[in-house]
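Okay, here's the structure, questions in a sec.
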Amino acid sequence: MIICIILLPIIAGILVPLLPFHKRCHKEIFLEGAVILNSILVWYLLLHHSESTFLLAHFTGDLNISFRVDGMSMVFAGLVSGLWPFATLYAFEYMTKEKHENSFFLFYTMTYGVTLGIAFAANLLTMYFFYELLTLVTVPLVMHTLTREAVLASRKYLYYSLGGAAFAFIGLIMVIVYGNTTDFILGGVLDLAKIGDRTNVLLLIYVMAFMGFGVKAAVCPFNSWLPQAGVAPTPVTALLHAVAVVKSGAFAIIRLTYYSFGTEFLRGTWAQTTVMIVVMFTIVYGCSRAVKETHIKRRLAYSTISNLSYILFGAVIMTPLGLTGAITHLVFHAVMKISSFFCAGAIMHQTDKRYVHELNGLGYRMPCVFGIFTISALALMGVPGLAGFISKWNLAQAAVDSQNPLAYGGIACLLISALLTAIYMLSIVVRAFFPGKDFDDSSLQDAHDPNWKMLLPLFVFTVFIILFGIHSQSIVNFFYDVAAGVY
Amino acid sequence: MYPILLPILFPILAGLCLLVYRKDLERKLLTGITGSCLVITGALVISVLALAKKSLILFYLTETLPIYFQIDEISVIFSVLTVVVFVCAGFFAFAYMKHEQKEKRYYGFYLIAFGVLNGLCFAGNLITFYLFFELLTLSSFPLVLHTGTREAIMAGLKYLFYSLCGAYASLYGIYFLYRHCDTLTFTAGGILQASPASPDGRFLLLVAFLMILGFGVKAGMFPMHAWLPTAHPAAPAPASAALSAVIVKAGVLALIRVIYYIFGADFLRGSWVQTAWLTLALVTVFMGSMLAYREPVLKKRLAYSTVSQLSYILFGLAVMDQDAFMGGLLHVLAHGFIKGTLFLIAGAIIFTTGKTRVDELHGIGKEMPLTMWCYTIVSLGLIGIPPTGGFVSKWYLAIGGLAGDIGIFRYIGPAVLLISALLTAGYLLPLTIRGFFPGADYDYNALQKREPARLMTIPILFMTILSVLIGLFPNIITDYLTKFVSSLL
Amino acid sequence: MDFVCNFPFFSILISLFSGTICSILPEKAAKAVNRIVIAAVGVMSGILLLYLLGTGESFVYWMGHFPAPWGNEIRAGVLEAGMALFFCIIMYLSMAGGAHKLFDEVEESKHNLYYILINLLLSSLLALVYTNDMFTAYVFVEINTISACGLIMIRQVGRTIEAAVRYMIMSLLGSGLFLFGLCIMYDLTGHLLMSNIKESVALLIQNGEYQIPLIVSVTLMCIGLCIKSALFPFHAWLPDAYGYSTVSSAAILSSLVSKGYIFLLIKIIYRVIGFDIFNSTRIIDVLFVFGLMGMIFGSLSAIKENDIRRMIAYSSVAQIGYIYMGFGMGTQAGMVASVFHILSHAATKSLLFIAAIGLTEVSGGSRKFIDLTGAGYRNKWAGVAFTAGSLSMVGVPLFSGFISKLLFAQAAVQVEGKMLATLIVLGISTVLNAIYFMKTVIRIYATTGDTSYPCITFKDMKVHAIVLIFFILLNIILGVNSQPIVNMIEQGLAMFA
Amino acid sequence: MGPNLWINYGEAVAAILFCIGFTNLLLQTNLIKKIIGLNIMDSAIYLFLAEKGYIAGRTAPIVTDGVTNVEAYINPIPSGLVLTGIVVSVSVSALMLSLTIRLYIRYHSLDLDEIAAQLKKEGR
């Protein structure tokens, strides 16, 4: 079942250039059908999962490629499979203006499978495998436009990701050697007897592995690939570089921290302090860069950098509550950020405007898009009643609860970042809706809201932002159970 | 079903409808709708205060965090103030906004802000309060930048970011409070268990200070007061009135709620936080008056005055004494009515003459006698001359200050208040003097009566009368409050 | 003794004699003979491997039935047979993949010569693999050098001749040192057969006699072989030699010739000096450091390189650094990793060379990166193959490179003092590998590029494409199904002792 | 090792010669001189081997006058090795010389650096 779920999108993707579609809409129906079918299968699996591990192949020694459904994978797979059909729908409309559609959908759909592979991986090796694969299938997407800029961006993306994976690999080795198993077990698998007096070395390796996986999660100083990768078509930037790819970096770090090294081993050590400082710095750094940036998508990308570090901040608190906060933000941020990216994409698609200062007065021409953008902006800022508040609340509570003075500082970073978020998001909103007294909107006559294929995903995401904001109880409880290892 | 929600949701929804409705309305229809909405809301508020059930849990944000509404005496005072000022300033706006663009947008946000303020007054726990606090910022900054000049937009953004900055600083505190309290429901006397001497307590003191600073931003407390003199002049006059009379009071309300209902006065009394708070409040009082004294532009002068007067209230709160607290509450009402009136008058002057600077306004009293009489009366009130509202409140503040257990501030406080009162006279009365006694070289032939429209004068008059009434019959309010104030302290 | 035991001897002999025969045959026939010989040797090695796996013991074959210590011996264990088989596979594929280029680049009259050299090379490699006699090893080292030199200069361009001269000089320095070390060893022990020397060395160590000459001897032999296999500071000859010779030569040189020397070094370590004795010397530390430096500096040079073939050549320097790093760890696990990397690198590097030639062909014969833009679209198979090879080099799971990295890292963890250095350098080197290989991959897929170059379809290059597919498969087999191979290596190393 | 060195002066000389040859092969830029260095190096090794195999008072291991007594002859194996080595050395030298000739024909120079410079000028 799991293997079928992972392979279905990959095969569907490969079929896209091979099958002879007479009309574009046939292709759309085929792809959307495949994606929806897969999502349904994923949800079916999540709701009827069993504890057993599915072994695909032996690698070497006792290393194997195997899959399992546990709490974290339920969260991540559920998230990804929830977003993908909408993103695909959006992509159909968006890609009408771009070239090489087939190769785009080929890799776009394949990525779905690979991401699910990361989600369902039962051990570190399997996750590492899909993690590398994810880099490879997404590079063509970044490179898609084949402009010089895109080529440079994809090159950078590759260097960073593969380089990061190389260091993450070292962590993998440590777990193989010093752990009882590479399987993910909440609480860690390290064998303290084997470690002996090598604790510090192991901590160093943890920090290295953290930074290695952190490359995908755009931890400072390894974040510059993300804004550059914004040259990709918006569906890619939105889904992959705000959700699937970068979140798998965060996901991997959570796996590494909670399920492999174990928080017992790490909590209170200098390693925790180090990574926490890095993460806190990234939170503020990403936001301040976003404030400076005038390109809309790059601005959002910097915002993603900062928000990813929120997740990591939750993760490095290294308590169940911290993990709850991290998971909450992982899910909620995905919805918020994809929504705002899709708005940016809709703006680019409809008006070809890419810079913040070009947006004056557009709010009246595209009220739906900008209305939704405003809501996602408010959510990102953390206004109560929207999703962002809940996740920040959980993160902050975890930090307060941890009794770690550094984490108190982390909360301050969160709030500084919230303020900066307000600055960079609301300045867009203000421009769009309050263009100024003497603004002449005759130049915007052609701009209007996009059609339903773009708006439907936006509306759905908005509904979820509000829904999560006002009724988070059950879902956060579920996350808490995940963090406590119930599933 | 949930009557307590009506005064909150009704104006918000009405405002949203106005905003979302894409076509332009005819002006009469627009003002008609808005006016009736305002009146209905006012009526709703009053009836809710009088009749409805006093508390409601709407739903749970997280497991232990409900959106919770509760009406107590503080809510009553603030919501009465809100209703009066908003209705008056709203009607004033129908005349004032005639020549502005995009009136619909203004009224839309105005109504939303009204609803949000009601929500703020009724909020029964810190999270609900915080929710409406944020919403208030977001719904009121469009009022500030309404005119759409570059200056106004920058002022609006400045207001927005200052307020958010403050809100986030407070949020930091909320995070910690939640951990140390079982619930965040407002309870008279505070709910904090920890003692200030414990390590947690020491950190909580820091948190308290941070929250005072944070909420103090809205209340224009030094050092985060800079948005006030920028935002007020840039906004249309009715908006300034609402802003200065009510919206900045949200900061005061916030501090009351946090200090007296969460931390509890006992927790802070005698700590370094109280000292710091007192210092800041007094610095602001003095500084605001000085700056106002030196300021030539009328609306800006009034804005600085607001800075100063608000810190009177904060001083009253910081003393943590029954009388001072009472004085603070009284001053909330008095200053609200007075400053609202002053801004409306300033708006009326700008609307009719187009002049903004005080030294341009020679003989204005001859031209607009009714308006200027009102100006003079409320000015005297603000200075604190009996029998106006300001006198009573300042009296209580001074008594409280003298009686309070605040060390050296017992003497400094009242002294600063007095000096500031002098300065208040110094910056408010020149307009009266110039207006009524323009001097020998005034050309009486050019004089023309140009009393503003009824829609403007009636609200001004109404609020002037109210401010005087407070001064004449303070007992009604003090009696109402005494019992509850003693329960707080 | 079973008949199978004759196979090592047969395969050396066949390849040696077929070389001579090739010189009088017409070109086509020579080619056929060459292929058949390689295939036959491969099959024989395969059978031998199966046989050895069955018996689980190595055997010694007396040449001319003279018993030790007088006679010359051949010794075959699992590792030897496996290596021989692997060498044959790589050689066959490289020959097939580079065949068409051979016609373009080499004069018609010299084709026969090329097959002779290949056969000679094969025989010398096999001899290096199988022999149990140090002096025989020396002789075949020289034969190997001569034939390799021939392979380089068979393409008669100024550069290749110069490269050949340089290669020759370095090789001669190396073999001179090796011979000198060998003589000292002979002086000390009085034996030339590996097993006998080992006994004597153990005795010397036990008695504490002649420590310094022993170390000198081992050092000289090590340095000699390091020079010949282009370990980092001795790699100057390599880029030209690999970069300009005809493609089959480059593939064979990089993946087989240097590996032959390394294999000889392994044999010396295990069978002549003794693993533990070798590890107790400082030599391994030196090897370790040079290995690490090679990994870094080789990659750095490769990043600077602007010529795809030379870049791949520099990458070899880095990969050889990996192997020596494995030696330098001084553990069984490190050795296993190194041997696995010999296989993995051989499979990958020849794949890269052959794929690169496919890419340059569709770019007007230029190997400059700027001309390669979009070559991946013009020659799809070569593009895919190059990508696969690059990924393997970078160490992406599924490919062989990942497993060798895994083994290296696992081995490193067991060595207390060298763990951190190894792991960090491994990480950095992976990053550097990613930089230059991925740069190329992105380049060949960047834009459609210059459309004036022809596109090549599967029909135009059937053989080439099939060879590439085989190489990729080989790589993936090594990557996915590594456990049996690792077991085999472990078994083989155990047989050495 | 000091006194040993004196006793084994033959080996010492061989080692010195080896170094001379080695240095020449490595550092000379002139190809012919390099080849000479190579030959010196090889000869040094043969000297070493011969020295090792020699036993004072005995003759070369060629059966003369039907004396088959082992005691009469020196150790034959080093001599065999020397012979093999010479064969190898000759072939290698020949190859090197032929390469040198080719280079000389092409570039009219025996200096490796100069050839390298010319190659660079050629550009490929």
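A, B, C and D label the chains in the order they appear, each numbered from 1.
The rule we apply is simple: contacts are C-beta pairs under 8 Å (C-beta built on N, C-alpha and C of every residue); 3 or more make two chains touch, one makes a residue touch a chain.
Please read all numbers here as calculations on a predicted model, not as lab measurements.
**Student:** Could you run down the chains that neighbour chain B and chain D together?
**Tutor:** In this structure, no chain contacts chain D and also chain B.
**Student:** Going by C-alpha centres, which chain is most central here?
**Tutor:** A
**Student:** How many Å are there between the centre of chain A and the centre of chain C, using C-alpha atoms for each centre?
**Tutor:** Those two chain centres are 43 Å apart.
**Student:** Report, in whole Å, the distance between the mean C-alpha point of chain B and the mean C-alpha point of chain C.
**Tutor:** 84
**Student:** Can you work out the whole-Å distance between the CA centroids of chain A and chain D?
**Tutor:** Inter-chain centre distance comes to 68 Å.
**Student:** Can you tell me, using the touch rule above, whether these chains form a line, ring, star, complete graph or other shape?
**Tutor:** Topology of the interface graph: linear, an open chain of contacts.
**Student:** Between which chains does touch occur?
**Tutor:** A-B, A-C, C-D
**Student:** Mind listing the chain A positions that touch chain B in their complex?
**Tutor:** 367, 378, 381-385, 389-390, 393-394, 396-397, 399-401, 408, 411-412, 415-416, 418-419, 422-423, 426-427, 430, 433-437, 439, 469-473, 476-477
**Student:** Using the touch rule from the top, collect the residues of chain B that touch chain A in their complex.
**Tutor:** 20, 22, 59-63, 65, 101, 127, 130-131, 134-135, 138, 142, 145, 147-150, 153, 156-157, 160-161, 164-165, 168-169, 171-172, 175-176, 178-179, 203
**Student:** If you look only at chain D, which of its residues touch chain C in the complex?
**Tutor:** Within the complex, chain D contacts chain C at residues 1, 11, 18, 21-22, 25-26, 31, 34, 38, 41-42, 44-45, 48-49, 52, 77-78, 81, 84-85, 88, 91-92, 95-96, 99-100, 102-103, 106-107, 112, 115-116, 118-119, 122, 124.
**Student:** Inside the complex, what are the residues of chain C that reach chain D?
**Tutor:** Interface residues on chain C, with respect to chain D: 135, 138-139, 142, 145-146, 149, 153, 156-159, 161-162, 164-166, 168-169, 172-173, 176-177, 179-180, 183, 186-187, 192, 212-213.
**Student:** Taking the touch rule as given, give the residues of chain A at its contact with chain C in the complex, in rising order.
**Tutor:** 57-61, 63, 125, 128-129, 132-133, 136, 139-140, 143, 146, 151, 154-155, 158-159, 162-163, 165-167, 169-170, 173-174, 176-178, 201, 204-205, 208, 212
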